[in-house]
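Take a look at the structures listed below.
Consider the two complexes below, in which chain A is the common component and chain B and chain C are the respective partners.
On to the complex of A and B.
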């Protein structure tokens, strides 16, 4: 009898005994023993509403069928999910849902991955008894420039409106009218403004909400799916690159509870057109003032000759969207082969990088008492999915303070002295204010204060970890007085060459005013990049490289999580970036012998042990434990 | 023995000639292909036809069910959205690209079965020989009913071969 007193509850589902914590839904208890209950409106991230009635199950001693998605388990409950009555109700519910559903599956983007299709097939009646005209609603309504709404297909599960209310907190979508006239829409039919609209299409259990960019591009079974990481920002949200005929059709989210909580922002999700390859490109070198197409061998030889003439006066800029493998080789090329310390990945001056910038993991935001968002919207703009995490934390009772970077006093006053765990979120640019606040809060409160800095680019953290900085080596090691010059100091530093490497147009080298004056006079500019960049006109050597979505490797998110990126698009005529770097290094006298990107990874983790543990578990780099 | 064979020779010849000329009186079963073509049964599965509605709009919506039903994977479909300026089919979606590799096709008719709009049927044409593999990739225009033929939305398209001389390019 002791078991009854604990928080564990034992019930029986289809004759199988299952023990779950108190407050579990029948649906989840059944899932635990592998029993599938059909659902439409229920979503694990949102509160139950039980509007679709698809999940009705029989519970002993209850007179009517109960919705499994809204009834909590009780001790000794006897649940039956497969009985004659349940089957009859499931058939009935589906028949009702399909009465006005247009059944235009052949032209519907959801067709093939549609829960309504699947469940009709599995549980539904084979035919409808409804003989009258279906009710017609508006089709292909543009809800915004990103989303198309088909009101006929909508089964009114409320998932999108609940997302808008509970998850993104924007309350943009609402149910309008009553009864059979109910439709989904925005206020006054104004275009939706949310930055999280892509998630609506993903949670929609029918084809009512579809993405404008993916419209009629492909059927789900045509897609080549590749697990990767979003190239949008440093959040490191897990995505799936869905490509057809070697062109990206869409980015879909891949749930990682520690990072994205299964959501993506529209900036990242709809950034994929930036990574579409426009035709085949060959390397080019500038001879007599004009660019000429040559082979890779020729271009590399040309670059190497010019690099030799530059004699250590070479600067290197690698984009914070490059993979760790490329950054590793890039650093070795400069520090070991070219013997030049002038390395950078940043666009503007930022404060010192240190491993302490990642002490607050994203998932721990929910477990803090108080979270200070230093810079408010600035931080959210730099990593939009953080907003959803912050809202979720707020719902859990975390006090989220959004203050400006100059309002440290407000933040200090907002956190009481008895606080146990405090988190600070800030962008890289306001690092000084963040460390300042951390120090002062640390003195005031009795608990711990941790911070998380939002870096620029999907691998901004990796670039710092691997030493793509003028003053720090890999693992934030000091360079013992051999510091080079950072990007802002390059104009006027007497440099003779610049090597720019970038693999994402979102995080490329955009010349500042001072650089625009300096670059045309530079004797050698090597641009190793994925797509046409503003530097092309000035470049002496252009080496086509792979895009973020076209290569294997790893990237480090802002919280120091090392995650794999994978080749979603095949561009085999482009020489791999690591191979080009190796060819250049070897022609300059090195003897590197990597034969694959994973060989580079192996060498990387051997030289930087904290990365080994992080890569194996897709976990965070823990610098302090390693030392 | 040999003398008897020699004497009977003309008899054997006449007997053989009888067999030959006997067939003169029988009906002719061969036709002069390719100048003439044989009528095929109504359900014969020859080269595919993409149909149109009576108003000339294409029936195909580019749903790719034919492509997924095809046991040999010889159909490629890519869809696009109809716009008021470029209306190809009545609904929202049409097939921008529709290709069948006729060399790979086994003429099983599964595409026809799968089609929810009766847009594709197996036609009566079987004279598909050509001189280069590339010429066996039938594109949409090769299979679409001519606009004039679609009026009335007949199940059997006009222009079906029969045992009549067919105009030839050569």
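On to the complex of A and C.
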């Protein structure tokens, strides 16, 4: 009698039959049939600890209640999540959790989005029988310059300590003391250094860990929530812009397993004050040496006249934080209308861009057997959330080799010939070394070698794809000898005008020494930007534009994933950047007729087929698939 | 039945803690004999002897050994000498009097399970006992019982002695392993059980001091000899730590199954000051209280369990008629509140709450509902906690409420402790 080998297990939860893979927790099996088991300590990204005891359920043939978050399913298991015993116990554990909880919900940032509050409403007792003084602990303990800990609210679920241990590998948070005196803290009360602390506040199931920037800023129900993408770097982490009264209160993560795995870094998360608008601003033009406020119409007319005088000797710099739509129009304005090839989005010289057929998707890092991080910490600094993905991969058994950009031999020696899937991570500044290593590893090993280059800015990859380069057109098309000059060559190139467009102070045009000498002598400097820029003092025309967080559009992450950004904040008095670009183009003789950002998107997609598929599916741009 | 010195047979011998003296009493001949046997045969022998773990749970030792997954090495033996149960002092006695017997037992167990590195996790407060073991380990090493190629038999074994830092929870086997690894002493999730993934993630057996002390005798005298002592499901003897209101407190090695009455009345000399026995607790702080009517219950895991308590680690705490049972429960609950590691909610918060309520009884502020509240809190802790510490914190107080509910009611109606008042009046 041959037993049927199966990795599927069938069990019953509240009388419903459910079939799940072997190794599934009762909690997840129940979830599959829509049965919600309350939890505090359990977290899908972390190993079960079963400390809060909220999820205890009845399992037939087991004498005690079992923690659904830690017990794996077995064939024929009969689970009951709603019984008199379970319900009574759920009331009991919530009563326990609340005896020393301050119940200061009315002034707690978490109130309204608090699992403890929600589950107390759903499963808890209406009143407590506890009549003693609560155990008192320190409140508003500064864990770092970013996070404040309220030890009275803490229910010791271990999520933050486990994050610090398992997810970020930093072990900065630990449990101190024991019994009812147990607290969370850092070693010797030293400030936490982690770049991932914001995640602690998100996974905290109570209001114990709060972000300084968001403390007492808003109630959750007063927030307007907008799905967008983090402006911090080219990782493309998905965020939610939470704004109250048209001011950003916080960035929250918005899980995208393929990109961020639900985490954000503090650099990105706490970058939002850079996008807070400080009052209203009107366009300005320089007349007789001083800047004067004018209308958009006047400013545009002024700029167009000056651009005409520059007679094609115009350079254009668009920020790698601009949307694809803006970059698309910016390129058209220069190449088609102003007839100038001098386009760039880069700050320093980087290796030549080219279509990247071998891009390693972020999620595939986990599926490599060896990953070389060429540049080590330099790569992590450029895209911090990659670190968490690398650690996760290491836990899964991926060999991660961190080497300096000059240590190609070490990298080469570190990967055995029988390796089947190798990944190389590097910043785009190290592209040459990465390409070289890819080539040499490709010859050495049996399997495939793919690389992932961390581009600069949230849309550095889009800027390349769309041809904001002096030597390549959209889709890396050849310019047939019509190449212009790149940014580093501009100061000596006899140019008569520079148009700078930037939507993020994090990725603005910061003049180099050579540019600082050149710019004051330039006859025309148009600065089209979101917020005050170092260029303002030299500008002849200042055109207020929208911030990264104030516009609809799309950006392309380092792995070529095209994702939508959305208007999280209204700044209606600011004319949309794409409209300003269209107005300038039309005054210069073009006849563009876009009536919305999405109309620009449609045109962009039509002219660049790889973007069509990517945008429809939030997938990746694959140049190799384009014909 | 009755007193049966097996482990304590030679304890009257002077300087038994010295290797030469221990050897003269037959010491290490069990280990030598064991080395002539196949490890599997040893496991079978211990299985056949019916030896059950003396740490408290009474799990069959041979079975525990046979749970180790085949072919996974290294594997470790950890001897649990973290004796911290209030009322327990047998391991301390065994170590003090005959540290080599402990060591010999560890060597036999290690050989049987194929372990080359054993650990003794000893209670931090046991300093003289630590020193005794240190000396014994050094002597044994000099004599060739420890180290490489022991006694020329090709077996390597070493023993590391580790002192705990004062946490009761570290007597729980998984918390002990966590502590031994250098982390906070907190119990681990089971499964995986230590036999599969224990110390440093390797197969591990944890055996109590008294358990391993039985091994040399079983090896020398055989399973049948051992089984002939005690009861069908409780072979051998146990050391009973008698304390409380008793004329002759101390350790008594009794054949299993001997009536409790004999231990208390005969060997312990009965309740002190000619007072009457009110209650006794057969297993240490954790265990449920028993009454004079249970005196004829045998000293045996199963018999005591049947009577409604647990033999635990073999502590016999005797309470005379002047004992305030509410206060006794209060003290134990406070012990557990203090020792709760804080890992799980019911134990951390529940023991704290119970302790508060007991203080209220003591202070005379208890309310009529408090008795049932205690029972309900106990219900919400017991069986819901992460490890037995939380569960056990409720057993004594709940059993006291069961048998002495009237005392709780008197505390409420008299706004305080009637025993204390009686005492104060007597003094006045």
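The rule we apply is simple: the second predicted complex is superposed on the first by the 621 of 627 C-alpha atoms of A that agree within 3 Å, B and C clash if a C-alpha of one lies under 4 Å from a C-alpha of the other, contacts with A are read in each partner's own complex, and residues count from 1 in each chain.
Assume a contact is a pair of C-beta atoms (placed from the backbone, for glycine too) under 8 Å apart; a residue touches a chain by one contact, two chains touch by 3 or more.
Treat the numbers as computed from the prediction; the structure is a model and nothing was measured.
In the superposition on chain A, contact of A:106 is made with chain B only, not with chain C.
Contact with chain B, but none with chain C, is seen for A:219 once the two complexes are overlaid on the shared chain.
Judged by the touch definition given at the top, the superposed model places A:52 against chain C, while chain B stays out of reach.
Contacts of A:181 after superposition on the shared chain: chain C is touched, whereas chain B is not. When the shared chain is aligned, no partner comes close enough to touch A:128: not chain B, not chain C. When the two structures are aligned on the shared chain, A:140 is found in touch with chain B, with no touch to chain C.
Note on chain A: of its two partners chain C and chain B, the one contacting more of its residues is C. No residue of chain A lies in contact with both chain B in one complex and chain C in the other.
Looking at the complex, you find that chain B touches chain A at residues 61-65, 68, 78-81, 91-93, 116-117. Within the complex formed with chain A, the chain C residues making contact are 167, 169, 184, 189, 337-346, 348-353, 356, 360, 373, 376-377, 379-380, 383-386. Residues of chain A that touch chain B in their complex: 104-107, 111, 139-140, 215-217, 219, 221-222, 245.
Partner chain C is touched in their complex by these residues of chain A: 48-54, 56, 63-65, 70, 88-89, 92-93, 95-97, 99-100, 129-130, 132, 135, 155-156, 175, 177-182.
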